[in-house]
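Take a look at the structures listed below.
One chain, chain A, links the two complexes that follow: it is found with chain B in the first and with chain C in the second.
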Partner chain A sequence: MSMVYINIFLAFILSFMGLLIYRSHLMSSLLCLEGMMLSLFVMMAVTILTNHLTLASMTPIILLVFAACEAALGLSLLVMISNTYGTDYVQNLNLLQC
Partner chain B sequence: MMTYIVFILSVVFVVSFVGFSSKPSPIYGGLVLIISGAVGCGIVLSFGGSFLGLMVFLIYLGGMLVVFGYTTAMATEQYPEVWASNKAVLGAFIVGLLSELLTACYILKGDDVEVEVVLKFNGAGDWVIYDTGDSGFFSEEAMGIAALYSYGTWLVIVTGWSLFIGVLVIMEVTRGN
Partner chain C sequence: MKVINLFTSSILVTLFMLTLPIMMTNTSMYISKLYPRYVKTTISYAFMISLIPTMMFLHLGQDTMISNWHWITIQTMKLSLSFKFDYFSMIFVPVALFVTWSIMEFSIWYMHSDPYINRFFKYLLLFLITMMILVTANNMFQLFIGWEGVGIMSFLLIGWWYGRTDANTAALQAILYNRIGDVGFIMAMAWFLTNLNTWDLQQIFMTNHENLNIPLIGLLLAATGKSAQFGLHPWLPSAMEGPTPVSALLHSSTMVVAGVFLLIRFHPLMEHNKTLQTITLCLGAITTLFTAICALTQNDIKKIVAFSTSSQLGLMIVTIGINQPYLAFLHICTHAFFKAMLFMCSGSIIHSLNDEQDIRKMGGLFKALPFTTTSLIVGSLALTGMPFLTGFYSKDLIIETANTSYTNAWALLMTLVATSMTAAYSTRIMFFALLGQPRFSPIITINENDPHLINSIKRLLFGSIFAGFLISYNITPTTTPQMTMPHYLKMMALIVTILGFILALELNLMMQSLKFKYPSGLFKFSNMLGYFPTIIHRLMPKTNLLMGQKSASTLLDMTWMEKILPKSISHFQMKSSIAVSNQKGLIKLYFMSFMLTLTLSLLTLSFHG
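Moving on, here comes the complex of A and B:
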């Protein structure tokens, strides 16, 4: 297996850690989620093209469909948070108090 | 150098991922995500997947990131912070950059470098894909994607229905009370 996979896997781990470690904006975490989807797409496409898995070529497109669904849902939640609190700061989400 | 072009593209991919994972203001993160999408498309194109690379540009960059761009412009209005204006962002960026450069230098240093995490990775076959014989005059990847409508009819039904339900859920969420 080639060394390209190490870099793409490292990119996935970096954006996963960026998703888990909050700073101030919720939008940055949604961008890290999109980054995870992009790295998964590239890894899947490279594996399918290297090993000539012909019928599996439709799976990156299906991944992109579900990533679009999840991105739209996350954005709608962010819009509702921004409508309620004025900004999308993560420190505003403190109703649970634990 | 051209034999290492895929590796260089993947290094630029990781560096741009560090750029938005260190979380500057979202508008700059979106800009760097566009760059990483373009470089990821280049990686997919280097392995011969022209339709999948076009999908990245059209659907991912042209569809999803445009929506992210104007939602960011709408929902966050303040003074956006760059990578250099905050020590946490700059520190995270430099740490990520250094770790990627160390990895890249280690990989490019020797010819027989072998890394074993769960599988054995070696850089020898970086630009060669496995050859299984003659595939004729058609592109395998395009034929596989075209099989979405013959072998993958149920996949089309499930994804179409889930997109429809997603639209209804988003309409209910944004309706609020």
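Moving on, here comes the complex of A and C:
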């Protein structure tokens, strides 16, 4: 595997770790989600351009579209939580009261 | 030929003189205390000058038409300002001016404490001008201008005391009912425009068309609206909310006869159309009977006289229905005198009793108001057709002609019953208002000593007694009256009238000392005006609004657009998500376990061979 791919793959792994491990703000996991989407986009674009897979040139755009939708969804969830609790701390979502 | 010039000059002077006080609006004359007297004098001079062309017309028998100013030519139709001075307008103008003169003088007494009396006189004068435009119009456009003008002035004058809700409602009611009639008028105008290419009366009467049903139905609808025939009648009793001079001028002698006048103007078209004549006859018969029934149990003196007007209008329509337009016109002229006088006497009584209009609270005025009593009795007798008073010359002729013509027997019977009811409610007015012991409050404000009041009623009194004779013997003979008939037919009107008088007197005397029990169904029917206003004014708008609310607002907006898809989806999702999920919200734990699982599986499975 060439260096480029390892680089991008590493970026993806880092964002993924950031998504799963965070302290209090829900916003940070949403940001890492965006980072994941970005790295996927770059990897897809580089692969297609390098290997001249012309018919698949549409797919990065489609990926972007779906990423936008999901970002909106994530943000609306954030807004709902923020409406209820005032902040987006993850501790608030704990339904156990102990 | 100089005679002809004097005719046109004097009639134009008459019409122009009436506009002078209106033009003085912006000067100091309008603000002074002399303005009402000025208006009254102007109208009396206009009356005297208008007698000149009328007498010329009666002497020569020559119609005149003045066509001054060419306004516009729309493709092939020419509209100009043209006046028609024929039999009808030349006799109506002096009569209307005479009655208006008396009413103006009466208003000086009646409205003397009103701060806006100048504006009142201006409105009355504007009304008179538009009425003159209506009767002298030679084309339908000018007639429509006058038609709408009298409608507007009626609105302004009925709602004179605009602080009172009932007055505003009554004015609005008058406008709405008149509007429905105007639709008929416009339909007739449109038909004449598209089929005969003209609005000029001369050209309309010249062309020979077979089927004139459509424009004539339109004109009949217009007459129904303006003259308060059955179906469009509730505005006339409600119009009694206006001051008594307004009731005397507009809603007894002048405006409400505009509808009948329209039908009379178009009589050459109706002569050969038997269908329309039958419809007119039946409509008039229903009106005259229905309103006479309603008048029998009313308690407001002005409302009784208003229903009396409505009944006489029905009689005029009946006369048109038996193809006697000249007799109807004669009845218009004679009716103006005694009906205006009846209203003025009611006004005198009302003011004397400190604005009391309920006849159950009047009484014993026979000795206290002798002049008013006299004129009220003379007016009522003239109304019922007492031989050789004014009403006799027109009303008796109408009944005789109806009896001896080949016509609808039911309509004839209704008319005769209504005639006897005329006598009955006239007796009721006289009995309750004038006879017996006083039923009003003991504080004496009774005073009829004002010269304005006395002179105005005196003039109309002379008119009520002599005008029928004077007019009948000076007009050009038109249709030949029926000379021979069996004696019972000749006496028919008199017999039913006397029957009505006797019955009413007996009933009133008998019932005077009896206790009033619960009213019967017939009484309630008559007192509530046949439930017509109650049903039409409430039920129909409520049905429309309810249907609108149900179909547009509830069905379309609320249900189809809101509830079916958007709200139901969100509702369902929320309910099911609450029911199905049983998580505790420990997000960091869940993410950590996910990562751990992923790492462990990667590590384990990468050492696969």
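We take it that the second predicted complex is superposed on the first by the 94 of 98 C-alpha atoms of A that agree within 3 Å, B and C clash if a C-alpha of one lies under 4 Å from a C-alpha of the other, contacts with A are read in each partner's own complex, and residues count from 1 in each chain.
Convention: a contact is a pair of C-beta atoms (placed from the backbone, for glycine too) under 8 Å apart; a residue touches a chain by one contact, two chains touch by 3 or more.
Please read all numbers here as calculations on a predicted model, not as lab measurements.
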item	value
Fit or clash - chain C, chain B, common chain A	fit
First, second, both or neither for A:V46, with chain B first and chain C second	first
Contacts of A:C69 with chain B and chain C, given as first, second, both or neither	first
More chain A residues in contact [chain B versus chain C]	B
Contacts of A:M17 with chain B and chain C, given as first, second, both or neither	both
Partner chain in contact with A:P60 - chain B first, chain C second, else both or neither	first
Which superposed partner A:V90 touches (first chain B, second chain C, both, neither)	second
Chain C versus chain B - closest C-alpha approach in the superposed model, Å	6
Shared contact residues on chain A - chain B and chain C	17, 21
Interface residues, chain A side, partner chain B - complex	1-8, 10-11, 14-15, 17-18, 21, 23, 25, 27-28, 30-32, 34-35, 38-39, 41-42, 45-46, 48-58, 60-62, 64-69, 71-73, 75-80, 82-83, 87-88
Interface residues, chain B side, partner chain A - complex	6-7, 10-11, 13-14, 17-18, 20-23, 25-26, 29-30, 33, 36-37, 40, 43-44, 47-49, 52, 55-56, 59-60, 63-65, 67-68, 71-72, 74-76, 78, 88-89, 96, 100, 103-104, 107, 115, 119-123, 125-126, 129-130, 132, 135, 140-145, 147-148, 151-152, 155, 159, 162-163, 166, 169-170, 173-174, 176
Residues of chain C that touch chain A when the two form their complex	583-588, 591-592, 594-595
Chain C-touching residues of chain A, taken from the complex the two chains share	17, 19-22, 26, 29, 90, 93-96
